[in-house]
Structures are given as C-alpha cells and as structure tokens.
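Okay, so chain A shows up in both of these, paired with chain B first and chain C after.
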Partner chain A sequence: MSRLLQDHFDRWHVLVLLLAVFGAAALLLTAGGGGDAAARSELNRQLEQDVAYRARIDFLQDLYRPVLDLEKSGARQQALLKLEEISRRYPGEGYGFIIKGRILLQLDAVEEAVANYVDGVRLNGDFADRQGPFSAWNEINQLVSRQLPSFSERARTHPDNATLKRVLSNLHYLQSRLAGGCE
Partner chain B sequence: MRNIIFCLFGLLCSILLSGCQQTADQGPVYKIGYMNCNSEQETRLRFAPLTRYLSEKVGVRFEMVPVDTQDFEDRFKKEEFAFTHTNSLLYLILRQDHDLQLVATEKRGQFGARTAGTIISRKDSGIRTLADLKGKRMIFGPQLAPSGYLAQYDLMLKAGIDPETDLSYYAIPHGSFKHEKLIYAVYFGAYDVAAAPALDLEVMTREGKISADDFQIVAQSPIFPYCTFGAAKGVDPDLVKRFREALVSLTPEDTVDYNGEQVKVLKSAWVDGFEQLLDSDYDILRGMAKRANMPPYQEF
Partner chain C sequence: MPVFDRHFWIVVVAGGLLGLIGVGLAVLGNPQNSGICISCFLENTAGALGLHGNQRMQYLRPELIGFVLGAVFSAAAGREFRSRGGSAPLLRFLSGVFLMIGCGVFIGCPIKLFLRLTAGDLTVLSGLAGLVVGVWFGLKGLAGGIHLGGGRQDPRGASGLWVPLFFLLLLVLLLLQPGFILFSTRGSGAQHAPLLFSLGAGLLLGGLAQRSRFCITGSVRDTFLMGRRTPLIWGLAAFILAAVGTNLAAGRFHPGFYGQPGAHLDYGWSFLGMLLVGWLSVLIGGCPFRQLIKAGEGDADAGLVVIGMLLGGGLVQAWGLAGTAAGVPLYGKVAVLVGLAFVAANSLLWRERVAEA
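Here is the complex of A and B:
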C-alpha cells in the first residue's frame, strides 16, 4: 500500500477516487432531503406573497390617507387635487379610481363616478368582492341600485343618445361584477 | 382617322365628367364660430385640426372662425355661423335668443362634460369659509366666464354675501381670462381670494405648477355643463346628426393630416372627448344666471 502511494501517478488516482466517493455520498444525502427543500421553497413563496399583500394594503392605506382625511372632512375638491398629485406618481392604481368615483358621486358627477368605478374594478376585481380590505361592494351596489333605473329610463326616452348608452353599459358592467360575473 | 376622333371625344367627355364630380372640397362652406380662449392664435392652433377632422369625417367643408366672447352674439347674427363652440353660458344666451340647438359637450378633466367654479385662498391666509370673505380683496375672471365668474358670484349671493358691497375691493383685470393668472395672483399675495375654475386647479396640479396643499378651497359650486358645440336652427338636421356623431365617436387615437403631420385631434384641442348631454342638463346654469342677474336673463 505504502509502495503504491509512493508513485506520484498512483497518489493522484487515489485522490481523484476519494473525491468521487465523497461527492457521491454527498449527493445521496442531499437527494434524500429534496422533498423538504421543495416544501420549504413553496412555504417561502407563500410567505413572500402574504408579506407583499399585507405590505401593499399598508402602503395603499398610507398613500391615500391624506385624500381620505380630506374627503371625511368634506373638502372634496381638495381631496380630488390630492388624488391628482398621487396619480402623477401612480397613474394606474385601481384604489385611486375607486376613491375618485366615490368623491365624484358626492359632487353629483354621476357619469364620471360610474366610469371611475368601472376603471377601478377592471384593474382589480377585488373592489367588487363583498370581502377584503378594499371592498367597495356596498358603495358600488348602492350606486347601481340608485342610478340604473334613472339611466334606463333616460336612455329609453332618448334612444339616439350615445352618452346615456355608454353610462348604461357601464352600470350593467358593474351590476354584472357585483353578481360575480366575469367580463 | 374616324377612330382617332372618336377616342379623343371619349377622352374629352371623361375629363369633363370627372370635373363635374361633387367633392367636399367644392361644396358649400359651413362656418364654425369658436369662442376665443386665451388668444386667437391659441384658439386656431387648438381647433384647426379638429375642424379639418370634421370636414373629412362629415364630408363637407368647414371653416373655423375665432371670435371674442363679448362679440359672439353679434357675429353669430352677422356671419351666419352654422355651428358654434362656446362656453356653456354663451350656449344659453344663443339658445335663448336664437334657438341654437345643442350638439355636443366637451369633456375635459375630472368632471367630464361638466365643470365647477371654486373660490380659493392661500392655505396660510386664515380665510376658510364664505363668511370670511367680507372685507377681502377678490379677483374674478371675465364676466361671461361660467366657472371663472358666474358660479362664484352665485355662490356668494346664496351665502348672503353681496360681492358688490361686502368685499373691500374686487377686480376683473386685463388678462384675467387666463385663469392661471388668478390662481397665481392669490398664490403671490396680490389678492386675498380668487374665483378659480376647478379645471384650472386640476390641470395646474397635474402639471406640478401648484400643490393641493398650497390653497384652501373656501367654496365650490355645483357642477354644470362645460364648453359646448351648438348648431344654428336652420342647419340641415342630417348634417347636425353627422356632425354630432363625428364628435361623440372621436377617440384619443384619431388623427388628421395637418400641415404635413399626423396630429392627434383631441390632444391638439386639449379635449378628452365629447358627450351628448340634454338641454335640461343646463338648467342648473340657467338658475345661476337668473340669480346673478346675468345674460340671457339680465334685467335692468
């Protein structure tokens, strides 16, 4: 044995063989725990999604708090201007459309309020769900119940009016989403 | 030889016939009177592509005529405008006095085809309610501006404040039609309060010129229809219908060839689109004009 290891070439072969044996053993050991690693990875992904979801809720509540505070104090136009500032940075955020729809409705801009609710729901269907931190189900439901009969009647008496048709179509869209319908 | 003569005769006939074809370029010219906004030049720049688009879409020749607000009614009578584009108060005047027909209402900003007037002060001024306006210096837009004068005047009257006697001073200075100037006049302290159109506040905020935190909105009027296209009473109903359809169907992607460029029609006109309102939607503005003793209901 010692004679064998005296040869430089043989020593090199033994070293390579030992490395191969240890490598194979390590592979066998890690292969046995593969299922656990996949599960851990899935758990991590779920955790990341939950954290991102919670962070998004907190972020949006913080972002729109000044607008909501102004709205609550009755400063609706000021709230709209604040919303305008925020929408310069986040122009496609659905929650902004929902808040805008609500404020516009309070200012009697019904057609534009309906259009904003539609934009918000199209961007994120959660707003038309009954549950959830940003559920607007109740306010959209009230809007549809109050406005649909009136716009249906006006569209019936003015059949050539493109604007009334468009508002009616938007109201029907919201009605469908409240009922759980897809686009 | 006979064949050659026959061919030449045929060619001559086809040339003459092609010359007789009626095209939009050769039909009657219909004038559209556009109320000047900030200046005649700006009005031309904004609305020339829209006028070109309407000519192409409707298939008749339209000519744009910029008109000063105060001169509009006289020139409407003299120059026989087939169509008009004015603020909503001028629409009421022309409707009342000349049976102008409602065609379509312009959409711009958060209220769509409607707008509102606000009274603003600087945030740090301490002026927070309409009652605080007594004894203050106020700047208004021109008298025929519905969201720069009438709406605010009416707001004050309804709150029991007479702008003629209860303010220490008020002015409609030269250039006040540029509503932005009124907003800056308050911002820089030249006046205590201003009659600012809600749309201008919105646009200036969007452009980053002002911040929502700079001003206090002391009061805001109800919303009422914005700038309006009308048609003179004698215009062919089919032409009015096609004109309206061309406006209402306009999308932000629609372009027209103008001075060798493809220009986006709505963007060029600073318009988001057009809506088909009902004349009864203008009743809210009629109420304001009556209370403020303004045309077309003014009594002396």
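Here is the complex of A and C:
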C-alpha cells in the first residue's frame, strides 16, 4: 500500500480514483430517492421493450378481430379473404399465417395448413411457446401428433413424391420447435 | 489409466458434475438440452446488454458469471492467479467472434454438443465429427509450427483482473436489474433455473474446472496425443456417463434425428461449424468454456477471446447468422466459410518456419 502512495503523482491518482468510486456509489445510492425528475430521466430500455410488446399484442388483437369473428361465425372463406387483405399490408406478421393455418385445417387442407403454421413460427417463435397471448403450441402439437405418422408412412411408400417430402420436412420443423431448446 | 493420481480424480469429478449439473439446470428451468451452453448463454448476455435485439434471447446468465468468478476464487486459493497476456491480441479477439459463429451455426458450444448427444439428439453426430476433425487440424497446425506466442507474465500491471471485474459488474447488474439491462419475458431467454442455484452451480463448476483444467476440445486434443493416458478423456467419459444417467433418470432421453430441441438437419453445416470451433480452440488453447476459466485465472489473452465471444454473440443474433430448426441461414453459411478462411490464413501467417539450409 505504501508503494502506491510514494509521491504526489500517486497520491493525486489515488485521490481521483477514490473520489470517482465514492461519487458513483453516492449517485447510485441517492438516485432511489431522487424524486420524479430522476425517475423520468432514468434510462429504461426494459420498460420500452415491454410497452412495445404489450402494444403489439393489443394492435394485433384489434387487427385480426374481424378475421377471428368471421371464423367463429363459420364464414371461413370470407375470413381467408380478409386475411389476404391484411397480409398485403403487413407481410411480415406471422399471426395471420397461424390463423390461416387453423382455418385451412378446418377446411381439411392439411398440407397448406402445415405450410402456413411453419411460415408463422419462422416469423415469430412466440407461436411455438407453451404460454403467451398468441401461443399456438397446443394446436400445432395436435397437428403434428396427428399428421406426422401418416405423412411419414406415405413419404416412405412414395419416396419420389416431392410434395410429401416437403410436408414431412415442415412437420419435422414444427416438431423441433415444439420441443423447445435455445435458438 | 492413472487412477492413483489426485489430478485424475479431480478431472473425473469435474467432468461428472458438469454432466450432472448440465442436465440438472435444464430440469430446473434452463432451455431443453441447454442446461449449460457457453455460446447460447453469451448470446443471452449480449442481448441483455443490448448488443442485439432478439427479445427471446436476453438474460444475464448467472452460470457464466459463476464460471469466471469460481475460477478466480479457485485460482486465488491455489495461488495460481497470474495476470498475464499480450500474445496476438487482435487474432484472439477475432477468434472469439468466429468461435461464436461456428457455435451459432451448429446451435451450441462443445459442452452443449455432448448434452444434446446424451439426450439422444443424433443430429449432433456430424457436429461431433466436425469437432474431432477440427481439433486434428489444429494439432497438425501446432505440429507444423503455428505458434501465437506465449502470454507474458504481467508483474506490474493487472490486465488479467479486468475480465473478472467485468463479470463482477455483470453480477451486480443481475442482482440490481437496472432499467438498461434487458430480460426476456418469453422464448428461451425467459427460461432459466433459479438464480441462486445457477450462480452456485457456476461457481462450483468454475472452481472445479480451474483446478482440473477440464476442457472438451482439450480432452479430444490430449486423446489424440496421449491416448488413454490423459486424465481429460476420463473426465469427458465421466461427463457423458453422468449426463446420460441424469437424462435417463429425468425422462429426457429421446433418441432420434427428428423433433430434437434446438437442432437442425443441415449436417454439412453442423460439421463445418464445429470444425471451425475445434480448429480455433486448439490454436488459441481451449474451447469457449476453457477460455472463460482461463480468463478467471488472470489470462488476459483468454479474456480478450471472451470479449470477442460476447461481441460475436451479439453479431450472431443481430445479423441472423445462427442456425435454427429450419436450418442454417445463407449469411451464417458465408460467415462459417469466412471463419475457416480466417483460420487458414492465420495458420499461414503465424507459422514459424525453419530457414532452409
């Protein structure tokens, strides 16, 4: 320690170091009681991120409400047309693909339904989460567990059928996403 | 097999606990097959610090902090903390970036490779082959005269302290959670074991890894060199056995190629990604895990690799280079090839050639 305080140069630098450390600590300790101004000026990216996410949820629910209403009333074709209209305006939004997949599945268009679920999950992994406002985990899981055995068998018996191969590959993709993991 | 050697048993215990805790952390809440994954955790950490915008991959993983600080405590207790560094700094920094690219394309570091394998994920076999070939390439390079220069002892300075201090700062940020640090509320970043358990596990494994020098690529490298005589291969065996046993006990062993968590079927790119990781790891002296441990021992060169890995984690996510269940994106493939070119070029540039008579 004495070697650190040999001359004025050392003592000056140690003083600056201590002032800086204690000053920073004091700022941090007093910031909690700093009143509204301090709270407003605080950099809060987490809050911004959470607000943007909530706003997105509300916006999407509003945006797709007419489609969901049409689907509930049984007007599936009209719902699909409305989805097309929305997707032209927001082509990067995956929720439309998930809803379209669900409607196509109700119409027994399994291959197209699978492709739409894949597009939706690729655009946003939230749909393959078990929880969350837009979780489609249960419906995708049911789709995969029902369709995978039959498409595996059909692809095995028709190895040259490119369509079957593509659907099987899509089902395997969904199966992997449902399994989770870090990606 | 040197069974009466104390070091042998430290390595075996370290390997066994790494397998047990690696699976245990996933059981307690970490993402499936990612109980311990240095590259995924660095991507999470980079996200928490705002280096990328993937809101599903943001968390200050306590395990990483534990690894470094555990190594600090262990090195200090064993009087092995030595501040050292100064060899090929920029090369090591960029190597850290490319290590993360290789891991990102494969989806996981060498530890996760074995955790995935021991959970039955057979898609990793190509990555395993790539890792082994990469280590062999690295060894051939070392034998051919590639030498990055030894880190010099740093008696007056304290450059080796800065990475441990940075991880100490991360611990403070994790505990205080100020508003500028981001934490995922969904996706794999939101999946985590209880904080204190993760931190404790990291400290324990960090300390043991420092004492044992356990390293996945080091195990493969030493096996090439010494066969069964190296303790590291027995540590790796203990790791695999413990992980398989824990996966079986937890009902998490599902052998197959399809439906595996965090996996893809682009076998060629898995091979090349891990080849890059294995090759680089041998040249810079250890896999991503070992770099963290060495940084905790005061090795500023390893510390620079760690900082490179942190930046690499940010870039992999921000530029969308990482593999997903859908496969490896185009720019991820390009990045791996650039990484291989980087290693090859540096192998040429750093080779010490004996003047011909």
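Note that the second predicted complex is superposed on the first by the 137 of 183 C-alpha atoms of A that agree within 3 Å, B and C clash if a C-alpha of one lies under 4 Å from a C-alpha of the other, contacts with A are read in each partner's own complex, and residues count from 1 in each chain.
Note that a residue touches a chain if its C-beta (ideal position, glycine included) is under 8 Å from a C-beta of that chain, and two chains touch if they have at least 3 such contacts.
Every value quoted in this text rests on a predicted model; they were computed, and no experiment measured them.
Asker: So, does A:G125 touch the first partner chain B, the second partner chain C, both, or neither?
Answerer: second
Asker: If you stack the two complexes on chain A, which partner ends up touching A:Y173: first (chain B), second (chain C), both, or neither?
Answerer: second
Asker: For A:Q77, is the partner it touches chain B (first), chain C (second), both, or none of the two (neither)?
Answerer: The first partner, chain B, only.
Asker: Answer with first, second, both or neither: which of chain B and chain C does A:A162 touch in the superposed model?
Answerer: first
Asker: Using the touch definition from the top, say if A:L107 reaches chain B (first), chain C (second), both or neither.
Answerer: The answer is first: A:L107 touches chain B but not chain C.
Asker: Examine A:R65 and indicate which partner it touches, taking first as chain B and second as chain C; both and neither are also allowed.
Answerer: neither
Asker: Please work out whether A:A115 is in contact with chain B alone, chain C alone, both, or neither, and reply first, second, both or neither.
Answerer: The first partner, chain B, only.
Asker: Taking the two structures together, which residues of chain A meet both chain B and chain C?
Answerer: none
Asker: Which of the residues in chain A come into contact with chain B in the complex?
Answerer: 75-78, 80-82, 84-85, 88, 100, 104, 107-109, 111-112, 115, 154, 158, 161-164
Asker: Where on chain B does chain A make contact in their complex?
Answerer: So the residues of chain B touching chain A come out as 110-114, 116, 118, 198, 201-202, 205-206, 208, 211-213, 215-217, 220, 222-223, 245, 248-249, 275-278.
Asker: Can you check the complex and tell me which residues of chain C touch chain A?
Answerer: Counting only chain C, the residues touching chain A are 31-34, 37, 40, 50, 55-57, 107-108, 112, 177, 179-183, 185-188, 191, 258-265, 322-326.
Asker: Residues of chain A touching chain C in their complex?
Answerer: These residues of chain A touch chain C: 42-47, 49-50, 53, 118, 122, 125-126, 129, 131-132, 172-173, 175-183.
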